Amino acid sequence: MASDQPDLAVQLFGRTFRTPVWAASGCFGYGREFAGVLDLSRVGAICVKGTSIEPWTGNPGIRVVETPGGMLNAIGLQNPGVDHFLTVDWPWLQEQGATVIVNIVGRTVEEYVAVARRLEGTGVAAVELNISCPNVKEGGMAFGTTPGSAAAVTAAVRKATTLPLIVKLSPNVADVVAIARAVEDAGADGLSVINTLQGMSIDIRRGRPHLGNVFGGLSGPAIKPVALRMVWQVAGAVKVPVIGVGGIMSGEDAAEFLMAGASAVQVGTACFIDPRAPLTIAEELARFMGEHGFRNVRALVGAARG
Amino acid sequence: MASDQPDLAVQLFGRTFRTPVWAASGCFGYGREFAGVLDLSRVGAICVKGTSIEPWTGNPGIRVVETPGGMLNAIGLQNPGVDHFLTVDWPWLQEQGATVIVNIVGRTVEEYVAVARRLEGTGVAAVELNISCPNVKEGGMAFGTTPGSAAAVTAAVRKATTLPLIVKLSPNVADVVAIARAVEDAGADGLSVINTLQGMSIDIRRGRPHLGNVFGGLSGPAIKPVALRMVWQVAGAVKVPVIGVGGIMSGEDAAEFLMAGASAVQVGTACFIDPRAPLTIAEELARFMGEHGFRNVRALVGAARG
Amino acid sequence: MLAHEGDGEICRLTLHAPEIARRAAPGQFVQVHPVPVALRPSAPAIDPLLRRPFSLCEIRPEEGEITLIYRVVGRGTRVLSSVPAGAELDLLGPLGRSFPDPRAGRGLLVLVGGGLGIPPMAAAARWAAQARRDAVAILGARTARYLAGAREVAASGMPVVTVTDDGSAGQQGIVTEPLDRMLRHGAAAAAGRPGAANPVGEVWACGPEPMLAAVKELCTAAGVPCFVSVERFMGCGFGACLGCTVPRAGGGYLKTCQDGPVFPAEEVVLGGF
Amino acid sequence: MLAHEGDGEICRLTLHAPEIARRAAPGQFVQVHPVPVALRPSAPAIDPLLRRPFSLCEIRPEEGEITLIYRVVGRGTRVLSSVPAGAELDLLGPLGRSFPDPRAGRGLLVLVGGGLGIPPMAAAARWAAQARRDAVAILGARTARYLAGAREVAASGMPVVTVTDDGSAGQQGIVTEPLDRMLRHGAAAAAGRPGAANPVGEVWACGPEPMLAAVKELCTAAGVPCFVSVERFMGCGFGACLGCTVPRAGGGYLKTCQDGPVFPAEEVVLGGF
């Protein structure tokens, strides 16, 4: 049934990405652990681990635990800081020919802005704003849970960078569309949908929460229906491209997100099970497209919105 | 390891429930389909299908679809109406010796109130307010997504009934605690946490959403971490008992919810796979309690909160 | 489970299930969890989560056995196909309404089975044969490969007309063509009356919904009673979830698992699945 | 997979994995997905979702084989235990840091294995024996039943001291008791020097974290170098998720899967798991 090899390339933010299947932030480190099993330049894009202005140590205690069809993590955004990234990882990633998106985190608007400034002029493909971080100034709620705070951090970073600006939305909200619109109005060039759902798990034998942090972020196939619903809602409400994330394990899952209106997808948890996941899934997607007569990704995007 | 048989009875709302494992609304019909495989009087409580003032026909098209570790449903609250319940199902359920909680639904506050009024004096164990229904007057958002609308419907029903009033919270919110508190202040005697997460799924071969209604409610093990997190949060914030619901498939799952602070649990999707689930899970819970030295349910409730 | 054979796509599963075999009637189905009992000691397996519905293809109350024929189409059937012979499976059933008692109907009974709609026709054929009801079967599929269950239908002794989309077995064509001819002219050479054109008195059909809709239309036009067996995604299979509804002629919904899967064609609106 | 045997609780899995067998060193581990490859044709299985880490118990580069010994404790190990011999499994490895080269250390090497910490000591013991390093093993478990891997340790030829909590095998007691004696008085009858009290030069330990902490304390007090193999829940097993951290002495975290699982005891803060 296969026809000629479909074209996986996607044009976004004025640049061509080799495939619409990208590595999700926090699930691909800075690429080093994967270089032995795949050619990093063949991955559509690599969203590196959430990176802050100073190094963050991360959370104590147990940090990951499996749940039915998913996993919880409470890493606490451990990362070596943007300067380490720029001096150590980025030169290496450039040597590998990788397309890199830097996921940035901060406790205050100023910290986000500071990281974005450091990335200016480096040649990274885009900045991805992770607005699920605790907002220190506004009392610990995440920036991503109200349209106002989400727009504020987006607008501030928008002013600080000429790089394409992607904002990654939190699913832990009642109205994701309101936040998407606010962030688009504040200058986002694209939206990643979704980050992890907040969850927890209890170790009944010890009679206490599994995670040192009590709560963690739920990822993996379990959350796919929620992610897909939010992608569908957001893609119908904004003009900027949407990047689908959440539970993608196969080319067929990726096709679901593209058909729902995503212009590209990211795979996170899948990379832990199959470190070649971004390539495997792209190959499976190409096979699906070939078998169903989709010659390029554009034909697939939004195909189920009919 | 087993010690003497632990006591599963729980006292709530001034009444004794035989076990803390109840059947969740919409997953046990009005009990009839289960009478052949279990003794309904042995189920802790049966929350019957969401019941409205007039019969509702429900949604067209495909209504259920499986997702990883879960299922989506878009039944559309099909039900024969409260009068049918009172004349046909309730007398029969009383004959079976069942403890019955009536889940009530409405499109307006007045409809909820009308159903609650009809149940007054019938002897049902409690009313469970399903506030995830589309709010017709406030423009289609669910009552359960803002503290104000949730409190308003709760207060109105509170005035209309002397029955114990349980309010079932929607998980599709940023701050479940704010809603829980608002509903408690408005007079709820207990809270069921949670209803389904909104999700969707796409049939990539046909290139369109699986469900006739596009969106559906996600239930099953996939949502357990989210449900458990919300139970933990709500149980820490309110004084009224919390009833945990979401993804419970085994006695160990039930123990997680009780340890998180729930006073009882409901099992939904599990009943589709094992129609004896409320009893099986209660037996498994008793075994776990026996093996770990919990002599009664009270000892287990909140045990992981340290 | 006694035996399990398959080519990776079409599988045949024979189960020791005396209770079900004793109580079941053709057209009814069972809900099978694809993960063997041995792997579900306390917590149920979640991959897949729900049970999968399969029609009874053969019912042998004497041996206490039933046979299912299924096609591997997704995760559930793939997991099921990997279960070794001898493993114990967890079944609910028999579920739903069967075809009507063949002794009750009149005239020539035509069984129409398309693709995976053929297996339940095997049980129906045996029932009709035991009831000495005059009957003939029309079985169709995309290619010969998908005529699984046709052998079992033929074993009942009734005449079988076979059609395939590509002509790889029987005549090339679709099941409605021979059905249309029979409805117009009667069936030649039906059981026991060689030569005579036997007018059709009743039709039972199982297969893809567009096929059922076409069969219904032909029967309605011919004024012949028709029973169709429909498929729906199922949450429970026993009437509790309201997930498997089919629109009722005249408004509202019927449950496929409890009011069906076999319906008098005039009671349901077809074409929705 | 070549062979799989078990009593439903303790299982022994021998795999044909030439690449891993060639490259692996004792103390390293593999990440196994419990669902056989045949059931994961395109979409990965989700029950369980993640791989499970197991230490290499035997490494036979010549035969291209490795052996794992594991205990059925939850869903993943239960699913794994049901995989028939002959099925193909999906492995990542060898992963992590091994014990140090036994040729590099000095003095008597004491291997301490507790419970499921014994299996990796089998590979370690063979390594020490091949390096002709003077060594002795102390193996402990709750009861005789949980001494799985002890036979393989003994097969290396080194002296083995066995202890169980209930005395059902060896002396009654816990591993730190004989270790304490050896650290104080040297080990009698270690390889090749019957009669002489041989002072302990190095300790390798694997087992529950409280045991590791106790071993570390004894070694620190005695001024003897100690290497501990720790366990953590793992997201990936190869350094990408930062899920398996153990607190670093002096602040910050180390990754168990990449910086460990074997650490010089002084580098990590034990007692957290």
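Each chain gets a letter, A, B, C and D, in the order it is written, and its residues are counted from 1.
The rule is short, and it goes like this: a contact is a pair of C-beta atoms (placed from the backbone, for glycine too) under 8 Å apart; a residue touches a chain by one contact, two chains touch by 3 or more.
As the structure is a prediction and not an experimental result, all values here were calculated from the model.
Contact with chain C and chain D alike is made by A, B. When chain centres are defined as mean Cα coordinates, D lies farthest from chain B. The interface with the greater count of contacting C-beta pairs, when A-D is set against A-C, is A-D.
Taking each chain's centre as the average of its CA atoms, chain B and chain C sit 36 Å apart. Centre-to-centre spacing of chain A and chain C amounts to 46 Å, using the average Cα coordinate of each chain. Spacing of chain A relative to chain B, judged by their CA centroids, is 34 angstrom. Chain contacts: chain D has residues 43, 46-47 touching two or more partner chains. Multi-chain contact residues of chain B (touching two or more other chains): 68-70, 220-221, 249, 252.
Because contacts link each chain to all the remaining chains, their graph is best described as complete. Within the complex, the chain D residues that touch chain C are 38-39, 41, 43, 45-47, 75, 78-79, 82, 84.
Only residues 67-70, 72, 145-146, 172-175, 197-205, 207-209, 214-216, 218, 220-226, 228-229, 232, 247, 249, 252, 255-256, 259-260, 288, 292, 303-304, 306 of chain B touch chain A when the two sit together in their complex. For chain A in complex with chain D, the residues that touch the partner chain are 26-29, 32-34, 49, 57-58, 60-66, 68-71, 73, 75, 78, 220-221, 249-253, 269-275, 284. Chain C meets chain B in the complex at residues 33, 42-44, 46-51, 76, 92, 232-245, 247, 251-253, 258, 272-273.
Of all residues in chain C, those touching chain A in their complex are 46-47.
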